[in-house]
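Please find the structures below.
Both complexes shown next keep subunit A, but they swap its partner, so subunit B is in the first and subunit C is in the second.
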Partner chain A sequence: MSTRFEETWASPSGFPGFFAEVNNRPLGNRFMITAVIFFMIGGAMALLMRLQLAVSDNDLIGPEVYNQLFTMHGSTMMYLFAVPFIEGLALNLVPVLIGSRDAAFPRLSAFGYWCYLFGGILFYSSFFVGNVPNAGWFAYTPLSDNAYSGLGMDLWVLGLGLVEIAGITAGAELVVTVLKMRAPGMSLNRMPIFVWTILAIGIMSLFAFTALLTATMMLELDRTLATRFFDPNHGGSSLLWQHLFWFFGHPEVYIIFLPATGIISMVIPTFAKRPLAAYPLVVVAIMFTAFVSFGLWVHHMFTAGLPYLSMSFFTAASLFIAIASGTQVFAWIATLWGSRPQFRVPMLYAIGFLLLFVLGGMTGVMVSVVPFDWQVHDSYFVVAHFHYVLIGGAVFPFLAGLAYWLPAISGRLLDERLGTWGAILIFVGFNLAFFPMHQMGMHGMPRRVYTYPESLGLDGLNLLSTAGSFLLAIGFLVFLADVILSLSRGKPTPDNPWNASTLEWATLTPTPNYGFRQLPVVRSRDPLWESPPQETSLESEAERITRNLAGAPETWRGTLITSVLRAEIQAITWLSGSTYVPFLFAVGLLVTSIGVLTKFYWLAALGAAVSLGLLFSWLRPDPALEAQLRDDPAVRKTGLPVFTSGTRALGWWGALTFLTVVAMIVGALLYSYFYIRLYASAWPQDGLPLPGFWLAGAGYAALVAGALAQIWAGRAFKDGRTGRVKLGMALALVAGLGYVVLQLVDLSRLGFAPQANAYASLFYVLAIAILLLALCTIATTAVVFWGYAQGKLSESLPLHLEVATLFWGATAVLGVLVYATLYLSPYVLGGTP
Partner chain B sequence: MNQDGRLQSMLHPVSQAAEQIAGLWWFMFALLGAVSLAVFALLVMGLLRRGNPPGGSTAFVVAGGIVIPAVILVVLLFVVMRTTMALKPAEGDFTIQVIGRQWWWEVRYPDWGIVTANELHLPVGRNVRLEVWSADVIHSFWVPRLHGKIDLLPEVVNPFTLRADQAGEYRGQCAEFCGKQHAKMAFMVVAMPPDNFERWVSERRTPPEPPTEPALRRGHDAFFQAQCHSCHAIRGTEAVATIGPDLTHLGSRLTLGAGEIPNTLGNLEGWIANPQAIKPGNLMPRSYLSSEDLHAIATYLESLK
Partner chain C sequence: MSEWSRQALARWFVFLGGGIAWLLHLLAVYAVGEFGCVAGWGDFLGLSLVVWLILGLTIPLLAIAIAALVVGYRYEKRFATHEIRGLEAQDPGVALVRYGVVANGLFILTILGETVPVFFFLGGC
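Now for the complex of A and B:
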């Protein structure tokens, strides 16, 4: 007999219901299951590669297929397994770890999952069209340009685009969840370390994935519309791709690695039966790593002929980030010291991780050193290094995390013996497979080769490595068997089988969809180990509120919003129930991608139109729902607001993360502009005329004026001056449309096409980026204005007005930067260097 | 020809530069190996002992996780800077240009007008200035016994200094994935005593005389009849195309197909008949010559020493 509350939170039933799920728990599981399936496919590809390389001059697999295999292996592991697995684990665990009921944007979670799945499907559909991506997982230009690569690379780019969108939305989601939805009393310094790592990577994802999204969009434009960003024959730069890619690529590996360390920081204290040592230092180490990881990317380009001075800077940064890792390693050792832990399966993987990660970290320090990297870059030495840090440093923690948390997720125990055997096989197989690769590299075996001559004398090492890889695969299969047996026939688990200290074990097992019937009030870092007696009036007020919300709200999904630093209660928020909109939106994007791919551009337009329509329905306020929220008895009893604005509103934070992403896109394009300028022999290139700045200047001035008008309207709203609000927004709309017209006229009178050269391509793309942003801003403002002018005063109006203002601010600021770059800087930076 | 892992080994240097780098490797191996063992020992101690870490948790973490690594890394950085400075490119006695193409290496000696492919000849003990770039996608020039690698980019010429301190033949390979036959884009560096090198240069500067002997004459004519000159050049004849490797002195080259097979008459016939069977996907199409023509052309080309 389920209560009304349980029904509200129940998963939608039946087959169609599968597509309407938005709750974090089932979606998190879906991410993880899909990721594991991709892991197995990618792993099978690796085994095929190792079979081909087992002996020299082998002809089991030819160059064409082999090059596709290593491209798909790397792309699958890096894009379709590692990050999505973490997204899934985080989506599942973070809300319950922080004492909340769901993530901040449930529909966004669902949308992210479908984008990820469709992206993966696009990738793999390449096998069915007989044109598989084959330019490596980092797709260097010009090899990945359409002069040297076929349709497979378009599938790679578009599939990857959808996966990148999933990464960005997951990042935004997790950041806002961690900042705004923690249980009352869980101040930042009481957050579990895993949650700190998720906060870090959420922020990182907004910048890193966006850089990749921009780069892949530029590549697709080069491939389909003959723009010249990366085309050296028309003023573009092949190295520009490398800079943009690795600006994503290096933080990407820390996006994978930091949560892995977060898992270890949850497992080790539990088995040591002690809190984590030096918690504040570990937090600093995590945030230091997150930040500094953006300053390392050139260490992937040490052989490209860059200036010595700049390379030295990147060596120093790459060395010093190791200190942060060292801090974490010693914190774990200190936690374990003298604790005599039990070597259950999660601990086995944690110890294995420590051993392998230290080795991988040491070879990482070595390859940070330029002269040494000149020898081992692009050789099997570096293949060894990154597998030690990715398998040892990330997959081992993932396995530890699964062994540790599956009981909470499924309600069943895993088999200790099977788990132990799996861990031993994986550890031994891994080292046999990858340790010899250090030597293979130093003896001259480059990477990405489908065969090697007998004269290199590397047959023995390669055979050993192949044998090891199969042992490793068997180990993974044993682990998988353990999981499957547990899920189907495992013994039910007691509530807190590991005697852990954190909140995920404080609720029912398996964790229900709603997380907590009564939201907890947190008073320490380890709530299940120590709960100091209640002291402050704030805490007793928090207890009163959470008591009133036990099993409530009943007819809609709601949870608490708290402040960023000290988690003081601010409001109750509505969370979406099951809906098909996110799934359909993702389908719209898939259709758009297929339209671009097949060059049926009407299909692309159709997909885009459907998506825009759905977006409108997603964001539109619903008066009936608002009435239901307003009149809810449980909410009334708490006295908390349910309609908020500013930093108390999840939507405000969502808009902020969206605009961060947009700013990053523009930032990446501006970087590209100045990079091309730096190496161009004349500016503008090929004798193109200097841009006339009056017409465009008027347009961008209009943008600024529009922003000011909108800000004025916002102020007037706070003062209750209705007339002024309408006037301000109307002026903003007119100004915005004025900008659009002026910019379009200016572009039509430029006298050159985007295909002329890299300068031209960047000119158009930067101007169009602001145009598109302005159109978004105008649309948002128009919708708010329409509702306001009709007297339909929705409860969400204050928030929507703020969001419109945020959009105007971003558009104006980014617009001014782009104007200065495109229309003014050539006068300052022009001529020949 | 199994050389027990020595053929392309950075740990068997034959130049000062490669020696410096190998030395750096051994230093780092010792230093970081010792650090790893120390960390493992601490882990084992911690698991076996009772009580708290020495000095208390926070001091342990600060000392072991921050202070000691910082000191070690500063030492390492200092040693690295010294090695990097020692490896700065020096003035070269002459220039070799290496142009990367899918999947072979065009090699030019601009000072003397010599053009060859897939082989570099240099004098022992002299600095040689390399200028490298690509005609298509990114490649990377790597001969581990002599130096680290340098990328060949399409948009800029990268300078490099190469120097061999021991006579011998050293194998190198492309080290940046460049498409289908990346794995088979190798080359040889031949280091010889300076006198021999001067002789090599003067021999190569003079184009070969047109053949007079009838068998070679037949091969020469068949070469043109088969349209080989639409891709290949032979100095001293009307063949001037630069799409494929220059064949002016093919007879004295060590390998065919960019390091793929040894250069013998039989192998050359096989290559001309069907290069796709040996290096599938490379840009030279198979030919449909009679066996007499095939033999004649191969004999003629092998005579071009």
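Now for the complex of A and C:
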């Protein structure tokens, strides 16, 4: 019989309950299952392409269908499989690996999943409207402009927009979870390496996905509202798209690859029966890779005609990142050196990864050198390189991870013999399929071309590659069969079947929704292998608290918050129970996208209004809940606060991640503005007048004044001066509304439309971006002001005030930057260069 | 600022200083390279203005990365002087410094590596 605690954490029952799920474990599984379904669809497309290329001068598939296939294959694998699969694996495992009960923002996880699913469905609905995108997974303009792409491209862009939102929400969710929800004692230097990689990619996602989100929004505006960002005929630039795309595209490779290395760093020590060698150096390598991956985007554009000097910087960065990857490889070899490893199925994939990744890494170093890249660019050599990195370097570790963790996730063991056969088939098939491509590329076979002449003399290698791809597919099917059979008739997982060292094996299998009934206290990096006998006073206090919280709180989902560096207990936090709001919110966004697609703008407005309403109900403070949490007996027993503020509160971190994303959007738009200016023959373009700066200046000054008033209100609150708090917030609201009015008046007097040229498009989009942020800030402040004035906020007021102040600070800083760019810089950078 | 806050700030500076310096360096030299080369900035004392600007940006940013390394190294020496064995496992702040020292070394190398090509383009792009 389940206890009240278990009922609180149980998944909602029945079909309607499916849409109300917010727990990290079922949602993580859904992410992974959906990603695998997309993987199979993308794989089937790859097989069709290989059939077409099996012999020369083949006409099985025409060039148009071939273009559609490679576009959808690449898009599916990069956007709908690799990243979401990692998000799912991380969402499922990270909370239990760090000794928490759930992730930081359960509703955000659910919202992310629905966005991902709806995005994927939108993506694939192009097949049903008979207009499948054919501009490549990178959607270079002008191929992806209206002139060359139809409705299918709109579906691609809007679907991708939703998938990007899922990526960003997952990033925010995972970063805050790792930083604030680790078990007491799990200081940063005791975190499992997999968790380090998830922390790194969580931060990277906030920047990389936002760059792509901004670029795709600009592309869709070009397509639907005839703005001119990427239109060279009206002052725009196709190369701008490439810059923005690859600023996302290259880090994305590392967003996929880093967690894969994290999996390997978990699997190898377990089967070598010894801790990972050079743990500190591996952490440094992860951190270094995460940073430097943002400095490589131009190496995808070596043939785009950039200045030689610019390219040389990126060659250097590309070469140096090999040091970090090499460090990890040597750490794994050192771990295995002299050990007597057990070659179970996860280990077979790990060894396969080591071999393949070193090969893929070597060719990566080769293509980072400009002259070599010029020779092999857009040839099959590059296809071979990135498949060695993405399948050898990522899919192999994913399979290792699945074979390793499925017993914990499902509670059933996989079959060793079937698993071994699967691993062998996949390894052999993969090498047969992709190794010959190196040679094909060196012999001049171009990629993205649907056939090749017999005179190239590559029929034999192509046939071998096609045979290998089918063998690879059979290997994947064997693995899938193993998983399905294990779910139905696999042996139940015993306790810690691999004798691993980390916390996911310290609880029940399958892992329950609540992770741990009693939260663990961690005293070493490998808690299941070694536990120092001496207990410090902090540890014994942590033991007391976790004992009091065993099976508690009973009526609401609660877990511990700990400090960023040392993981010292700071508070208990409330986590949302089941709710339909995230699902309905995602439906609202889907309706908005469909409204834009069908040009039924009233439908788009309706969807946006519903989404906003749901967002309000999501974020609205709940005084009744506050009272319930405060009076909970389990909370009183521990003596810990439930309501905190500043860096202790999850809400503060949530606001910070949101503002980081907003800053990145504004940053990408500012970059676009100056990039377009660089190549413009005159500024403003086409003889448009210089913007008048007085009226807008007054507006932005009001914005800064609003921020100062809000900061003053925050200080008054700390001093206990109630009247000043209300006055400060009221002044901030008035100043904010003043800015909105002045900005709207200024935009109405500009005398040019956003469709005039790229300068005009950027002017409007930047101004509107700040306007929307200001409206968001004003709404946040208004809710807090209302709650405070009504006396409905008590415990959570400090946090709400801080969040409002953060919003005001970001709005003012970004506003001043945008004002200086739009209204002042043309007077300095104006005229003809 | 209390002594504890100063120490914490210094340790985070050691951990992240080199990385942030590198990021700023790459973005700055990219912007200077792209804008300067396309706009055709002129010469000064026989060298292109692009080169002057890149070197001018490299020096302070490299100094930040070196400062992070030096601060970290001084911490390291202090740990060694106190002969604190196995401290890394006990105090995550110490680990942060140790990770930072290695990372800063790598970031300094990368900044230098990115600056070397400038000397092959002294007269232009």
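Points worth noting:
By definition in this document, the second predicted complex is superposed on the first by the 831 of 833 C-alpha atoms of A that agree within 3 Å, B and C clash if a C-alpha of one lies under 4 Å from a C-alpha of the other, contacts with A are read in each partner's own complex, and residues count from 1 in each chain.
Everything that follows uses one rule, which is that a contact is a pair of C-beta atoms (placed from the backbone, for glycine too) under 8 Å apart; a residue touches a chain by one contact, two chains touch by 3 or more.
Note that the coordinates shown come from a computational prediction; the quantities given were computed from them, not determined experimentally.
Contacts of A:Ser312 after superposition: both subunit B and subunit C are touched. In the superposed pair of complexes, A:Thr644 makes contact with neither subunit B nor subunit C. With both structures placed on the common chain, the touch criterion links A:Arg448 to subunit B but leaves subunit C unconnected.
By the touch criterion stated above, A:Gly338 is placed in contact with subunit B alone, subunit C being left untouched. When the two complexes are overlaid, the chain among subunit B and subunit C that reaches more residues of subunit A is B. Of the two partner chains, subunit B is the only one touched by A:Leu143; subunit C is not. Once the two complexes are laid over each other on the shared chain, residue contacts for A:Leu355 go to subunit B alone; subunit C is not touched.
In the superposition on chain A, contact of A:Thr780 is made with neither subunit B nor subunit C. Contacts of A:Thr261 after superposition on the shared chain: neither subunit B nor subunit C is touched.
Contact with subunit B, but none with subunit C, is seen for A:Trp374 once the two complexes are overlaid on the shared chain.
According to the touch criterion, the shared surface of subunit A, contacted by subunit B in one complex and subunit C in the other, consists of residues 281, 308, 312, 315-316, 319-320, 323, 679. In the complex of the two chains, the subunit C residues touching subunit A come out as 8, 19, 22-23, 26, 29-30, 33-35, 37-39, 50, 88-89, 92-93, 95-96, 98-99, 102-103, 106-107, 109-110, 113-114, 116-118, 120-121, 125.
Within the complex formed with subunit C, the subunit A residues making contact are 187-190, 280-281, 283-284, 287-288, 291-292, 294-295, 298, 306-310, 312-317, 319-320, 323-324, 524-525, 565-566, 674, 678-679, 833. By the touch criterion stated above, subunit A contacts subunit B in their complex at residues 62-64, 67, 135-136, 140, 142-143, 148, 232-233, 236-239, 277-278, 281, 285, 303-305, 308, 312, 315-316, 319-320, 322-323, 326-331, 333-338, 340-341, 351, 354-355, 358-359, 362, 365-366, 369-379, 439, 442-452, 454-458, 679. By the touch criterion given at the top, residues 1-11, 18, 20-21, 24-25, 28, 32-33, 35-36, 39-40, 42-43, 45-47, 49-53, 57-58, 60-62, 64-66, 69-70, 73, 76-77, 80-81, 83-84, 87-88, 102, 136-138, 140, 142, 144, 147-151, 153-156, 158-159, 171, 173-184, 280-281 of subunit B touch subunit A in their complex.
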